[in-house]
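Shared between the two complexes below is subunit A, which has subunit B as its partner in the first and subunit C in the second.
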Partner chain A sequence: MSEIRSDKHTPEKPETLLLRNIDKVVGRDVHLENINLEFESSAINVVLGRTLSGKTSLLRILAGLDRPTRGTIEINGKDVTGVSVRKRSVAMVYQQFINYPSLSIYENIASPLKIAGFKKAEIDRHVRKTAEMLHIDDLLDRLPTELSGGQQQRTAIARALVKDAELLLLDEPLVNLDYKLREELRLELQEIFRQHKSIVVYTTTEPSEALMLEGNIVLIDQGCVIQSGPTRKVYHNPAALKAAEIFSDPPINYIDATVQAGTACLGQDIEFPLPPHMSSLLSGEYIFGVRSSHLFLLRTGESDLEMHAKVELSEINGSETFIHVDCGYCQMVVQEDGVRSARIGAEIKVYVSPSCFFVYNKEGNLVASPSNGVVQPMPG
Partner chain B sequence: MIPKKRTILLAFYFGLLLLPIYWMLNMSLRTNADILSVLTLYPTDPTLVNYIKIFTDASWYSGYINSMIYVAMNTTISLTVALPAAYAFSRYRFVGDKQIFFWLLTNRMAPAAVFLLPFFQLYSTLGLIDTHIAVALAHCLFNVPLAVWILEGFMSGIPREIDETAFIDGYSLPRFFITVFIPLIRAGVGVTAFFCFMFSWVELLFARTLTVTNAKPIGAIMTRTISATGLDWGLMAAAGVLTIVPGALVIWFVRNHMAKGFALGRV
Partner chain C sequence: MEKWDNNKAWFLVLPVFAIVAFSAVIPLMTVVNYSVQDIFGPGQRVFVGAEWFKATLADRRLHEALWRQFLFSGLVLLIEMPLGVMIALAMPKRGWGVSFSLVTLALPLLIPWNVIGTIWLIFTRPDIGLFGSIINSMGIAFDHTASPLDAWITLMLMEVWHWTPLVALLAYAGLRAIPEVYYQAAKIDGASAWATFRYIQLPKMRGVLTIALLLRFMDSFLIYAEPFVLTGGGPGNSTTFLSIYLVKLAVGQFDLGPAAAFSIIYFLIVLALCFVFYQVLQNVGRGEKA
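For the complex of A and B:
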């Protein structure tokens, strides 16, 4: 497909997409507020946020399907804000499996090329190549309704890839697939994105998905960008409580803490010397954040804090168990590998290493983070 | 196996429904003298003389041709106008969209006779009286609103994302509409055509008033069987049977989608 792009762009130069002061207001609802972002073609751009956070609104504006109420969009320095979607070089994959139901898989994938006026032989070559890449090459004669959900989504992705657009948008493409298919397709997508030179924007609600895709991330909540940057860096330094909440599944646990003269106090009875990454903290009130995957039911190290807690709920999620506990001064969720059973109301001990604490001030901004070099194991 | 009570009841009801049609068929195959002399449940001496008369006499069969011409015209016009209109109502928000949409339906709420005089006068002025297009256009007053409502229901059942995907793929609106969208609502188009056909085919008041001889519909011609010499029973029955045939054929084609059409596509 490289020969298609060569006449449009110089491949060495990374493409950039710039959003300036984008607002989107529909009636009285503010869908997006003052979005300033820069997307590059060098890495996949993941937009992470909860449902209704504005991810889809953002994608629709990027695609040109909706016009922003205010602000401008630039692609490679050219203002494209008012340009109709038909005149843009963009491809989109929706959360629902959207294909043309009356066309065969082959015709579905071929349709953008046909419209663009490619020759028959060339269309055939591109369609077969893309179909092969997505492992649907033996289904080309079928109709979309005759395929499974995963295959339908593969068709939609193939149609988006085949036209080799400047901008490839994927709106939670894997959310309607079952777990196994999602894993499989995610791995393949990663590989495909790596080969693809366009600007890829991928939205998801799942932190683990964002982590697997790597690249750059934008955390979005209630229509506002909370943080953006390289995914790993953001994961290890969520700049605000909200960011940490979005970028942790289950949401990060908060513990109110007091720091005084080199020691920190949690609630009434736990006092410990400050670990190295917190050593420069001033005295005062803080909020410690700790991810569920860093809480354990068994002691893992000498410096672990022991917290007494009561089990409130225990839920099994795949091969993991989430145990919701109440420590009196804070509520937490402990993530344990394997299927465990915890009796509701049981008194248990929860262990956590202070070296895993994110420290936020009372305004919710990050003061200290445990990483800065140390890469922690990530949750599944 | 003893048939269920429900089956018996339904069969009885079905028999009742078919009785008049059967009786008409029965009469159409007999001569007037035979019809008036004895009561028989089936034609003892069947004859096709009535049908032969209809198919050979130009003043008879031209009635069918006239009806078919203006029905076809009307169905075509209604669909051509209603398809884009229904798409607009289904996909776009504009000032007064809901009001206009409802207003369309109110056209069907007034009795046809109310519109008769204005139509007659207007067509007289324009010289349209006794043309096929006159009847076809007059029937649009009732069929276009119905078609818009039915099609809008079917269209709203198609996710908007399909439209957007097509625009992203580079389709122009007309091209998308014709090559992708209409095939998706095939059933809806069929059902709508059926409803337009049915209304226009059985409508008599407008069709009779707006025509004289050249575009006279079969319904009006059938009144010729009543004359000073009496009623031509056999001929009228034969004409009636032939009138049912096109409707029955069309129903056969859309039988699986009719319920959705009656619910204006909203099932």
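For the complex of A and C:
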């Protein structure tokens, strides 16, 4: 498909989309506030945020379905803020499986090309190629309602890809699929995006999905950008407590801590020498953040801290168990592999290595992180 | 065979059987009983077999009434279905206009059938009716008691005024059920307003429009009160539809046997047509090559 646009862009130069000071206010609700972002076609751009954080509002503005209240959008240096959606080169995939209900899969995939006025033979070639890429080439005669959810979404994705638009938007495309299909399609999408020359923007609520897709990430919360950058770098250095919260599932655990003369105190009875990454900390009050996957029920090393805790709740999530515990001075969620059972109210010990602590000041900004930018192997 | 373990479940269905038996099966069997006998009076009856059916099927006046009926139902559907969809498309989607238009549309549906007949009877009278006198004062002779065409026009007006709102309400419900993202997707695809209607709205309304079509067909095919109130089937026999003819036969002439045979044939025609409509609508527009 690259030949369609080959005359317009040289493959070496990535396409860029620039958002400057974007605000979106509907009535009295602020949906987006002062968004400044740059998306590139060289890597997938993941927007991670919770439900109602403004992800969809952002996509609607990117697509041109809504006009921002303030600010400008530039694609390859050209201002497109006021250009209507029909005149833009955009394709979009939604949470729901959106296809033309009375048209066959073939006609569905062909529809954007027909509107664009392609010749019949060319349409046929593109449709079959794209269908093959998404493994729906044997379903072309069927109707959308005759397919499974996964196949319907594959059709919608094929329709978006075949258009070969400058901008490809995916709004939580896998959220309505079951676990297995989601994994399968995610792997395929990664490969497809790699070959695709468009600017790809992909929204999700799941940190694990963002990590698997890699590329660049934007963390968004209540209409504001919290942090953006290469996904792995952001994961290992969440610049604010909020960022760490959004980019951890279950959300990151907080422990209030006091640092004084080379040692740190948690609560009443835990005191330990500062690990290397915190060695330059000044004395004062801090908040330590630790991901659930770094908490253990068994000792893993010499320097591990031992925390006494009471089990409040134990929930099984897929093949993992989340144990909610109360230490008195903090509440935490321990993530354990496998299905475990913990009696509610039981006294247990939780182990954590101080080398895993993210350190935030009282304003919630990152002061020290375990990696300090060094990429570590990812958990789980 | 686990399914059959709980035999008590049948008791839950019994009330429905009882109600259907009393409301439909028993009256129908009475009619079947009448249709094969010649009845002179209480206790005086002769079994005549299929004779009434043969006679009825050969009745020229019944044939005329049947064609009249088809023409009427056909015209009603041709006008009401597109008009109803157009009204639904033009209705507001949010704000106070929604409740206003819904209530306004529902008004004709709340009026009893014979009252509708009376309203339009007076409304279109050439001497005192607003509509009739205005038309006549413009130099166009309009009198539904004298001209078959005028009687038909009046009936169509009545029918369209009374029942198009039902189609519009059903179509509106169908339209409101289409998720907003479909329209977004159409916009992003660059689809025109017509393409959006043709490939999103119309297919998504298939279900409700099927119901609207079946309801409107059955109702218009069984029309009785309006022509009865307006002209009693006249002028001449021009508005004598099947049900009017049936009532003349059964109540007017007290020919119970032929009337019963007629009823059964009438019932079978409606049943067969509804089946055909349903089958066609289930398949129309599926897998089409656009």
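Please note the rule applied: the second predicted complex is superposed on the first by the 373 of 380 C-alpha atoms of A that agree within 3 Å, B and C clash if a C-alpha of one lies under 4 Å from a C-alpha of the other, contacts with A are read in each partner's own complex, and residues count from 1 in each chain.
In this section, a contact is a pair of C-beta atoms (placed from the backbone, for glycine too) under 8 Å apart; a residue touches a chain by one contact, two chains touch by 3 or more.
All values reported here derive from a predicted model rather than from experimental measurement.
Overlay on subunit A: subunit B and subunit C clash in the combined arrangement. Once the two complexes are overlaid on the shared chain, A:86 sits against subunit B and subunit C alike. When the two complexes are overlaid on their common chain A, residue A:230 makes contact with neither subunit B nor subunit C. Of the two partner chains, neither subunit B nor subunit C is touched by A:149. In the superposition on chain A, contact of A:65 is made with both subunit B and subunit C. In the superposed pair of complexes, A:94 makes contact with subunit B and with subunit C alike. Legend: residue contacts after superposition of the two complexes on their common chain; A:115 is shown touching both subunit B and subunit C. On subunit A, the patch touched by subunit B and the patch touched by subunit C overlap at residues 63, 65, 85-86, 90-92, 94, 96, 98, 100-103, 111-112, 115-116, 163. The part of subunit C that touches subunit A in the complex is made up of residues 179, 181-182, 184-185, 187-191, 199-200, 202-204, 285-290.
The part of subunit B that touches subunit A in the complex is made up of residues 159, 161-162, 164-172, 175, 180, 183-184.
Residues 60, 63, 65, 85-86, 90-92, 94, 96, 98, 100-104, 107, 111-112, 115-116, 141-143, 163 of subunit A are the ones touching subunit C in the complex. Of all the residues in subunit A, the ones that touch subunit B in their complex are 63, 65, 84-86, 90-92, 94, 96, 98-103, 111-112, 115-116, 156, 159, 163.
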